[in-house]
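First chain A sits with chain B, and in the next complex the same chain sits with chain C.
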Partner chain A sequence: MVPSLAIIGIDFLKAFAVAMFAMNVGVILTWVERRMRGMIQDSVGPNRAAIPVPGFVAAGLATGPAFLLAGSVLYLAFGSELPESEDAVFYGKLMLQAGVLVGWVTLAAIARSAQESGARNPLEQAIASLGSPRGIALGGVLLQVALLMIVPLLIGEVLTGPLLLTIGALALAGTAVAGAGHVGAALSSQKTVRITLLGLLHPAADGLKTVFKADFVPPKSDQFLYNLAPWISFFPTLVLLAVVPFGPALCFGKGEDGQIDLSAFQGIEAPGQMCEASRLSLQVADLNVGILYFFAMAGTGIVGAALAGWASDNKFSLLGGMRAASQMVSYEVTLGLTVVGLLMVYGTVRIDEMVLWQANNTWGIFVQPFAFFLFLAAAIAETKRIPFDIPEGESEVVAGYFTEYAGMKFSMFFFSEFIAVVSSSTLIAALFLGGWHVPFMTAEGIIVTIGDSELFRSEVSSGALVALGALTFIVKIIALCVLQVIIRWTLPRFRYDQLMRLGWRKLLPASLFNLAVTAVLILAADGASAGVKESLERAAELSMLGVGVAVIVGALALVVFLFAPRNKRIILATSAARYAQALGGTREAKLEA
Partner chain B sequence: MTTQETFSSAEGLGPRKVQGKPLARPDRSVGVQAFIPALIGGLGQTIGRALVNTKEMVLGTRPDPVLEAINDGINTISYPEQRRPYPERFRGVHRLTQREDGSPRCVACLCCSTACPAQCIYIEAGDYEGDKKHAGYEKYPKRFVIDELRCIFCGFCVEACPCDAIRMDTGIHPAPYDSRDQFIYEKDLLLSIPGRHGDHESANPRIEPGEPGFPGITRLQHH
Partner chain C sequence: MEALDIDLDESEVELAIEPMLVNVGPSHPAMHGTVRCVMELSGEAITRVDVQVGYLHRGFEKMCERGTWSQVFPYVDRCNYVSPMLNNVGFALACEKMLGMEVPERCQWYRMALGELARISDHLTCDGAMAMELGAFTPFLWMVKARDMIWDIMEEETGARLTHSFGRVGGMAKPPTTGFKEHARAVIDQVLKIVNESEGLLLGNRIFLDRLEGVGIISAEDAVSLGWTGPCLRAAGVAYDVRKAHPYMKYSEVEFDVPVGKTSDCLDRFLIRLEEIRQSIRIIRQCLDRMPDSGPINIEDPRVMLPPKESVYTTIEDTIRHFKIIMEGLKIPAGEVYSYTEGGNGELGFYLVSDGSGTPYRVRIRPPCFLVTGGLERVITGQMMADVVPCFGSLNMIGGECDR
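Presenting the complex of A and B:
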């Protein structure tokens, strides 16, 4: 059966999106790694790269998207057919919340700048007199929570869908244009503005720099293998993501020729609905081997490291390559055996079906908690990162297997390591954290049910569910990436023998033990009475409820943390401190020389 | 919430008594040796530190690294975006002080270049001529050159100067340059560098012969 042109186009689009996702998150991870490591010590980190543009261009760049947003929001509210549709209430609430958010953030930022460096005009003076930035932000958050509570009560009686949509659109468009206008006015008064994108341009500039750096090849190296190794190392980490679904599958009808009919959309494949005719999965390759493909490709990465070490004609490289090969082979055993437990529970090797199992029951971390930690440890060892970065231990083997690499070939190794972090995080999120699944997400929306009682019901359209699922998946991936980065900041490197002992004598027996216990438990659960099975289902629902509560509590804790003031003491013991105070503080110190 | 403590000058100057705190010996209990609890504690420490510092940086409220450094955790000065102001008696780049009319106070006596252990000062003396105010009794430096690369910033030149003409109170350290000849500071450059407070004169008054309060014997009395 020859796929139609549209399907080929969609496949290409999916591959492109996934590759861009991995590479971009790789770049951002590089930034996070360097910037946030500085954050532990309270320094800024490298952010010197900037594009200087004239002030009016910067003002245009700042206000343009806001005007675009305002225009599209106003079009949705007044020009389209949205007000008559069922989604009006949902989009109205969304716009209202977004408008309030933009509003208080802008007000707090203006109040802050007025407090720091004085108000520039009467408007800023008036805003600053509203209250402290902290107070304005607190008021904004409270207003948002209040709206979240009040608006659903008013709907039907006072508020109709179109009215809510109008209010929301006006709020969002107004605050966005006002905030961006204020920023734009401030920018256009400057002669040149240095655009740094929060320092994001710095890793980009570093990446660009490596392209132009001298490409030194050791004269006695094996030229062919030396040049091949970075590609063998880089390519598999990128194609790993092909079998991971980034959102729920879309169901379509079948056309007359037996092919998928893209015009007949029937909803998404989520709990409560299975695709009947044809499905369009949101993963690049719909392979039957699923996770085995992942392991096959991850295993190929070993060859790259070993080849690089061998071909470099350098003893340190050779040692590093051997260390990399032995370490990755050792930990792949644990990795594989840990996954076997999951395969037994899920009963499939396809990652999309695993995610669906988790959506129907509960997340993998609750059925295989021990395996999660084993898998996490083994996955970090697979990516050759701290505390398992023996292959490139600077104090012992210079830079390990890529000692002799320079320029773009070096950065391919460097980059492949970061992409490997992304892909291992993706796999962990898909296997253990429910992939794209949001707790209590069904094909109709978010419906919280415990047993037979329905606690909460919010119907969401299929498109919004797909977006929500993809967004949730990305959030989970990024959270796991950050966890890996934090582990890297915290732990010292293991010694080589400690690493091997940990792999073969601790993690491997532990994963075998996990396997045995899982097998016994599965047998027990299969043969259990109806009452036990039902209590297991309740436990699954409660675990999902726990996740939801934990997320809400975490968000509240974050808000409380953000508003907590910090006591500061000014101590003027030295002439340097007195000078700093005369200058208005060290952070205000003028740039000199 | 900010409390301020200003130390009195008697307490602020000189070495202050350091009060030590006995540290407990490292804990080698089972919890620590088992690695996992210690690992989780360490991760918590890292996350907490990163969260607090990120929040302070985003909100623009992080502690001032110089003023508030002592009790509020880690403070890093993000050099060169931030700089610690140098203390009052810091010996920075030299400057030549000016008289009120903008001419150098220097009388080209060569005391500084003689005292200089690094021999980095070169002075070419010349006479004030014609109707110049100081003509006939004072010299001036035709050239006054300091090689800032040779200079060891000992301050002997400042000590040696009888006229308070050379000072190192600029509060700036030599900037990095592209080539060595940029470190050769000529007279005009040295005269143009202001002191820490933006002044070009010296705090010590100079009373010329003939002016009231002139301490020496005037030429008029002499002749």
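Presenting the complex of A and C:
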């Protein structure tokens, strides 16, 4: 069966999207790491790379998308058939929320800039007098929550779908145009504007710079292996993500030729609905070996490190390469054995089916909590980062296996480490944290049911569910990445023998023990009475409810934390500090040399 | 199946094994400063090691013989550049011992307060760098932040953050600033907080303890026979602190404890330094309480001290006096003296020989680091390659002081 051109195009798109995702998160992680170091030191961090553009171009870049958004929103509300359809209420609510969001963000930003560098015109003066930026933001969030509560109650006779859609569209278009117009006006008055993207351009510029660096090759090294090693190290980490689903599979009808019919969309594959005819999975490669492919590729990375160490003709590289090889082989055993427990529970090696199992029952972390921590430890060891970074432990073996590498070859090693963090986080999120699954997400929407009683029901269209799923997955991945970065900045590294002891004497027996206990428990659960099975199902639902509550509480705590006033006490004891304060403080000082 | 190697000799089966010689340093991340260790490795274990110092030798002692006595201060600043104030005070005390003079009480308290602040900054740097080299970056940045607060005090008092050149024979370059006490009190509270926080982060961490416990052990006898002093010797269980054993300035009048280690491993050296920070804070509090707010800071002796600027410009006697002290240097009677104080790393001694002129005949500095580094070989032989990092870090070799 020859796949159609459309399918090949979609596959290509998926591969491109996943590779871009991994590389971009890698860049962002680099930035986060350096920013983290900057924050601990109370300094600004790397943010000097910028693209200078003329003011009117910057204004166009800022206002163009906003006008496009406003135009399409107005078209949806007044020019299309949407107001008559059933989705009017949903889109109306969405637009209203988005409009309020854009509104308060713009107001808070204007108030902040007026507070810091003075109001430029009476309008800004008036906005700044509304309250502090923090207060405006808090008010905006409260308004959003209030709208979320009140609007569903009002829908009925007075507030019909089309009316809500009109209000929402006007709100979003109005705030977007007003906000962008204000920004555009401010930008166009400047001669040149430096676009820095919050400093994100800095790691990108650093990466680009290494391409042009001298490509040093040690004269007595094994030239072929030396040049091959970075590729063997880099490539596997990138293709690891091919078997991970980034969202629920899409169900389509079958065409007459037996092929998938992309025009006949039938919804998503989620609890409550399985694909009948043909499915389009949101993963690059629909391999039936699933997680085994992941291990095969992750294992290949060892070869790159070992080759680099061997081929470099340097004793430190050799030490680092040996360390890398022995460490990664040791931890791969634990990594594999912890997953065997999961395989027994899920009954499949395909990651998309594992995620579906978790969506139908409960997340992996609740059925295999012990395995989660073992897997996390082993995964960090696989990525060769602190506390397991002995292959490149910079204070002992200089830079380990890539001591002799310079330029782009060095940055391939460097970057493959960050991508390995992303791919290991992705795998942990997919295996233990439910992948794209949001608690109580079904094919119809979010329906909270405990036992037979339905507590909450919010029907969401399939497209929105896919978007929600993918977004949730990305949030989970980024949270795990941040966790790994925090670990990296806090913990010291092991010694070689301690690392081996931990791997073989502690993690390995622990994972075997986990395996045995899991097997016994599965047998026990299979042979248990109906009442026990019933209570297990309740427990699974309660665990999901717990996750939901924890997420809401966490989000509230984050909001409270972000909006709590900061009491920064600055001791101005030295003459230098007083002098700096008199000049306007050092905190906001420009980093211009 | 028959084994393939059945008719081979044992020696033919085994691969030829020879130890790997690795040059660690002089430019290597573990060798802060410039020390070179030639190591013989068997796998990861160090079987033999040859420690070579001297890569930072700049001939300070010889250079000291060229200028006046006062011009030695900038050189001693650059010996232990992490706690230069202690070197300043140490050299000033040595000169004053030769002159048979004692500085006013206010100056003594002031020197003690500044010196203990410098000791805190020394210990903070050492412990922080030790943690950082083991990979724990956060505590290092916290400790350096605390050190920066101390350097803010130094900057305010002396005008320089690192190399103060603030000591003078017979006093200090300037009296304390009006806000000194308030500033120092505010800072030591912050420093104490940061030290407690960092200690909690590190000592609650199994990995960190595993890396330090039982690593780099040296017996008390060895430490004494090698001439170790300071925190490293005290970690070996010998309670020798110059401030207690041979008190100078007002150390006999302040209360403080000398912490002593039990096992003499890297963890002990780490803990001793943390505890000494707390003891130094205790001393500083007492100094600040007892330092008079007014009174002379310098000896009022026309042979040693420069006259005030106003009279230099208005009276001929003081112009001549100023000229002679600047051009010829203050005269120190002929003779020799060995004066020793407790520096950041141990006993910092100055052996001075004067021929009665304004220029030193010989300035011999006894750096604590040099003797401590002499024990490095004994400490790391038999350890693993990775253990060099905490061992070398806990000895706190300061290149400028060791090689001079």
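Throughout what follows, the second predicted complex is superposed on the first by the 575 of 593 C-alpha atoms of A that agree within 3 Å, B and C clash if a C-alpha of one lies under 4 Å from a C-alpha of the other, contacts with A are read in each partner's own complex, and residues count from 1 in each chain.
We adopt the following convention: a contact is a pair of C-beta atoms (placed from the backbone, for glycine too) under 8 Å apart; a residue touches a chain by one contact, two chains touch by 3 or more.
In this text the structure is predicted, and so the values were computed from the model without any measurement.
Once the two complexes are laid over each other on the shared chain, residue contacts for A:Ile487 go to chain B alone; chain C is not touched.
Applying the stated contact rule after C-alpha superposition, one finds that A:Ala577 touches each of chain B and chain C. Chain A has more of its residues touched by B than by the other of chain B and chain C.
Of the two partner chains placed by the overlay, neither chain B nor chain C lies in contact with A:Leu225.
In the superposition on chain A, A:Ala19 makes contact with neither chain B nor chain C. In the superposed model, A:Leu143 makes contact with neither chain B nor chain C. Residues 40-42, 489-491, 571, 573-577 of chain A lie in contact with chain B in one complex and with chain C in the other. Remark: chain B residues 1-7, 12, 16, 39, 42-43, 45-47, 49-51, 53-57, 59-78, 80-89, 172, 175-176 touch chain A in the complex.
Listed in rising order, the residues of chain A touching chain B in the complex are 36, 38-44, 112, 116, 133, 486-487, 489-491, 561-562, 565-577, 579-581, 583, 585-587, 589, 591-593. The part of chain A that touches chain C in the complex is made up of residues 37, 40-42, 315-316, 319, 386-387, 389-390, 393-398, 489-498, 571, 573-577. Taken in their complex, chain C has these residues touching chain A: 20, 22, 28-30, 41, 44, 131, 133-138, 141-142, 144-145, 152-153, 155-156, 179, 182-183, 186-187, 190, 201-202, 205, 207-208, 210-211, 384-389.
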